[in-house]
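Two complexes come next, and they have one chain in common, subunit A, joined by subunit B in the first and subunit C in the second.
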Partner chain A sequence: MEDKVLEVKNLTTVFSGKTGTVTAVDGISFSIDRGSCLCIVGESGCGKSVTALSILRLIPRNSGEIAGGEILFDGKNLLKMSPDEIRKIRGNRISMIFQDSMTGLNPVMTVGKQVVEAIRIHDKDITKEEAAEKAVKILSDVGIPSPELRMKEYPHQLSGGMRQRVMIAMALSAGHNELLIADEPTTALDVTIQAQILSLMRKLKEEKGSSIMMITHDMGVVAEMADYVLVMYAGKEMEYADVSSLFSNPLHPYTDGLLKSIPRLSQSSDEELYTIHGNVPDLSHMPAGCRFSTRCPYAKGKCFETEPPFFSVEGHHVRCWKYEEAEK
Partner chain B sequence: MGRYALKRILIAIPTFFGITILVFIISCLAPGSPLEMILTDPMATQADLEALEQQMGLDDPIVVQYFRWLGNLLQGNMGYSYRTKLPVAEMVLERLWPTLLLTIVSTLIAIVIAVPLGIMSAYKPYSAWDYISSGLSFIGASTPTFFTGLILIYIFAVKAGVLPMGGMYDSGTRSVLSLMRHLVLPSAVLAIFNIGSILRQTRGSMLEVFQEDFMRTARAKGLRERSVVIIHGLRNALIPVVTVLSTMIPFLFGGAVVAEQVFGWPGLGNLMVQSINARDYPAIMGITVVIAAAVLVGNVIVDLVYGLLDPKIRESR
Partner chain C sequence: MSDNVLLSVKHLTKNYVSKKSFFGKPLSYVHAVDDVSLDIFRGETLGVVGESGCGKSTLGRSILRLIEPTSGELIYNGKDLRGLNKEEMREMRKKLQLIFQDPYASLNPRMTVLDLIKAPLDVFNIGTHDERIERVLEMMKLVGLTEEQMNRYPHEFSGGQRQRIVIARAIILSPEFVVCDEPVSALDVSVRAQVLNLLKELQAKRNLTYMFISHDLSVVKYISDRIAVMYLGRVVELATKDALYDTPLHPYTKALLEAIPLPEVGRKRSGMQLEGDVPSPINPPSGCYFHTRCPYAKDICSKEKPELKEGRPGHWCACHFA
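This part shows the complex of A and B:
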């Protein structure tokens, strides 16, 4: 499939604080095919969430800004749109599920009101009653028991898992979900509900042909959901490949490390779990060459001096000097 | 909500009785005997004094005196003023509504001005606008009301001559228009004084709310920025603002005392000052009880507003 629903080109997002400017996302590019699911993986603080927020232009105005690049949605640059144009896309053609359900719902508004609001923003003709019916239906779809009663409750009366499902319900309530951005939607949930939610998202993908961009650091979720995987590290994309070849043949040393650090049942309990040594570099003090060089077991001369470009090897795009020769 | 409201109102009742006990004890402890105030005849003998004491029941135990006073109070009888010989209840009621009018109107003006300005300050913090509004509100809050009052009188009454200097009505009329013209300056003075704290609190809590995740959720739904701020932001931000308002209520009456003096506003504060100067104990006690009751009612109202704003409060208490 050549049809791309989203194309991100050279996206750079910076935050300015008291200690100076920090580049959270440093010129990354990727695209999502229509009807497919892209998973973005990486450690905490590598810019995954900032990338997601940048797409809907939800970076907090007073601290951060998108410094450059293009985000083409259906061929139109979201970054060039007027506030009103982007508003009509938010929650309508692109919906977003946020990570933190504990604080993501308005504490002084009933759950029902919040879902109904999400429905009515983009559907001016729907009556309050119809919207309420639709809301009940969506809440039961996401697995909330006795949704009619829950509609009248406030967020603090619901459990964390319920609240997360309400957040998901709000995102799914939009008319045409062409793209669903999910930022660690299941991290806060227990495994049974996690499975429920993932299958709900898969259903959305299959039935409505929606595309999904999913942010996670759970490789299990990646295996379950992804068609393609983008591995991010310190604000840059490191490797991009389809899911099966990424799992069977990780090229980038970082990807390799991530996969090796998943605990396996077959592993004996006295065997130590693999870890990637060191920490993510401070975003304000990036290494000169490859960003992963400080932690990479294969790093040598060039890696510390010049940042590697993308090499296309075996259907992967990989940012590592190891593959300079292989590409030729 | 119904249960919560009932609870709040019921709790106010014992508080009221507590207030009456305090007022009574304080007036007993105050120096100067009422007998001396009444019996001003220099020829009066000790026997005359004792006869009067007995006649007025002042030789009874203090508990008996309290319950007698309380019983009368509950029937609307606050005794007679030493100074004017009129029933205190009548004097107080006559003065109560001008004071209520002044405090309520000035508070509403302060809220209507301070809350939107606070939101605007929080929306663009550290902007020129933010500094200007914060600076002006600080000046307002740190200038004594009598001083602002004199300046406003000088500008609007003396120089421009567009507004009256004081009083509540023009002589010979009781029209609403005349009342409103007289209300402008005193309520402006009180409002200027109170805008600062409300504005700062609104700005502060709005700034916090802007950081909240649910604001981002609301934006991600595709809500207009204005709706995000007002529907999702303001209601959450108002909860701490209401707290500030509730702590302001007693000071509102205190502030009114000064403003009433400056503007000759025929309110409770004015009466209070006259009564204190004359050591008119029945009047002082009556006024204190009424003001305390008004503060109490104000607090109940604030509690109810709390309940309306915050569902958690509604059920937990």
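This part shows the complex of A and C:
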């Protein structure tokens, strides 16, 4: 089990509000191998961001809580740690990159100060000057031109791509990133900048051997980055497989539909796009049985009654009754 | 050919004042749309792609005169839209519609679906009360909403359904020309396909002409007949979609196509990745705006501005070496 950097078992996160309790993440399990990249894909509201926040224990305490499960990082359960212990890991051994770089950075502090601050929080012995030097180096590592000048600028003076690079620089500042969690790191960026950021993250994975958990809704990004893919739908994992077999042979009807509904460059525009009917169900009114049953073209009697377990078929783990027979 | 042109945009320019002197004299401008000329044919979909800040939304809005252009001509059905007075323009607006990106922001949360879709009829005072409701129901059916939903409020709908409401409202006056400004960017993948199919179906049924603005090149390829690529306020390439995707002429188009993440595992890239950011439109580079990032740039590129030339029939490109 030593090759697993992260193991999530049966994680359940609930939020309570005026209208009752909503289970955003419902008993999901997965693991990430050391040095590999896991992409979590799904549509809005499927619980992918909540999963990431749960791992770092960043769920706001007044509205949500982790109701059950285990998160093993390097064999230790993060959920059992004291706030002090988790703080030593958060931002240090596990770093996070958020989607929106404008809200992730402090608008009234120069970029340099923020990076230096991040460095000094994790390394108490470093002097200010050394930290500043290190910050310049990290900023140039992530591809920011003339980092000495940029250090003195405020976030609003940088472009979106530059800000996202600063966010990555801050995530890297601690030096030993065993796991990097990136929540839609390129969604707000243009394609040419997105390509730059993705190759930066790939370089990081290769050079430093960091593991990456990347959350995205873009199948194109998944194909480019992932070693393994976890497809989530309405708080549950639907399919887990390595990236090439997921794309060549999607087993779950939802994965299949998702892949088919993307317009391909090779597609003629005379053909109508494949669509998944209906909408994502409301988390407070989950269908009984399989959560995808209301939109699934193959749904049969059993699908509406009992939730399918994970079946292991052809190297995939898939939560669909279609594969009950195949497993045996 | 000219009979087929619905809208001819000639030398359209939109500048914003970015800095004023103490006495209010403009000191510098943002060149949001810089001398754009293109024709939009009847019944076609013209896709406009480019990165953020390239002026594609400003172009869409200036064409409808929702933003007053600084200069240029907009010949719509033989008439210059910019020459129309307020009353004539108001009348013309029935024919010109716009679908915005964010279906959460473009619907008044205090109005019911019925009132929202009916609003254009109320504004132009068309038909009696009953006739209006009948038209609304017809539209709702057309875009795939049910009659029971007409007294609900926008917050009760999902993003995809809201975009259907927006579309119903846009087409209730039977427009000829609709500018779709990133209509599916805020939607989930599975819902996006539904809305794209709906837009295509409506185009066929009601003979609409679309200008489809998006940053997503695979969506634009799917829906468009011809595509214009914009960079820093200028059109750098304009061609039919097959010509553009198969044989792109401009280096920027090539780089853009190269950068799209495709849902294919193990794709080989040619290694053309753009360095750096889009320059600021306040101080655009001299000559060809793209020369600061262009791997093929030569001396002439920083000196002379390339014209948009028809290199092959129907394939326009603004590059010295194309």
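Convention: the second predicted complex is superposed on the first by the 326 of 328 C-alpha atoms of A that agree within 3 Å, B and C clash if a C-alpha of one lies under 4 Å from a C-alpha of the other, contacts with A are read in each partner's own complex, and residues count from 1 in each chain.
One rule holds in what follows: a residue touches a chain if its C-beta (ideal position, glycine included) is under 8 Å from a C-beta of that chain, and two chains touch if they have at least 3 such contacts.
Just so you know, these numbers come straight off a predicted model, no measurement behind them.
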When subunit B and subunit C are modelled together on subunit A, clash or fit: fit
Which partner, subunit B or subunit C, touches more subunit A residues: C
Partner chain in contact with A:223 - subunit B first, subunit C second, else both or neither: second
Which of subunit B and subunit C A:243 touches, first, second, both or neither: second
Subunit B versus subunit C as contact partner of A:167, first or second or both or neither: first
Touching partner for A:96 - first (subunit B), second (subunit C), both, neither: first
Computed vertex angle (subunit A) for partners subunit B and subunit C, CA, steps of 10°: 80
Which superposed partner A:196 touches (first subunit B, second subunit C, both, neither): second
Partner chain(s) touched by A:258 [first = subunit B, second = subunit C, both, neither]: second
Shortest CA-CA distance in Å separating subunit B from subunit C in the superposed model: 12
Set of subunit A residues, in rising order, touched by both subunit B and subunit C: none
Subunit A - residues contacting subunit C, complex: 43-44, 145, 159-162, 190-196, 198-199, 217-224, 243-244, 247-248, 257-259, 261-265, 267, 269, 272-276, 279-280
Partner subunit B, residues of subunit A touching it in the complex: 53, 56, 58, 60, 62, 83, 87-92, 95-96, 98, 100, 103-109, 117-118, 121-122, 154, 156, 167, 170
Touching residues (chain side subunit C, partner subunit A) in the complex: 51-52, 158, 160-161, 188-194, 196-197, 200, 215, 217-219, 221-224, 241, 245, 255-256, 258-267, 273-278
Contacting residues of subunit B [partner subunit A, same complex]: 125, 211-214, 216-225, 232, 235-236, 239, 309-312
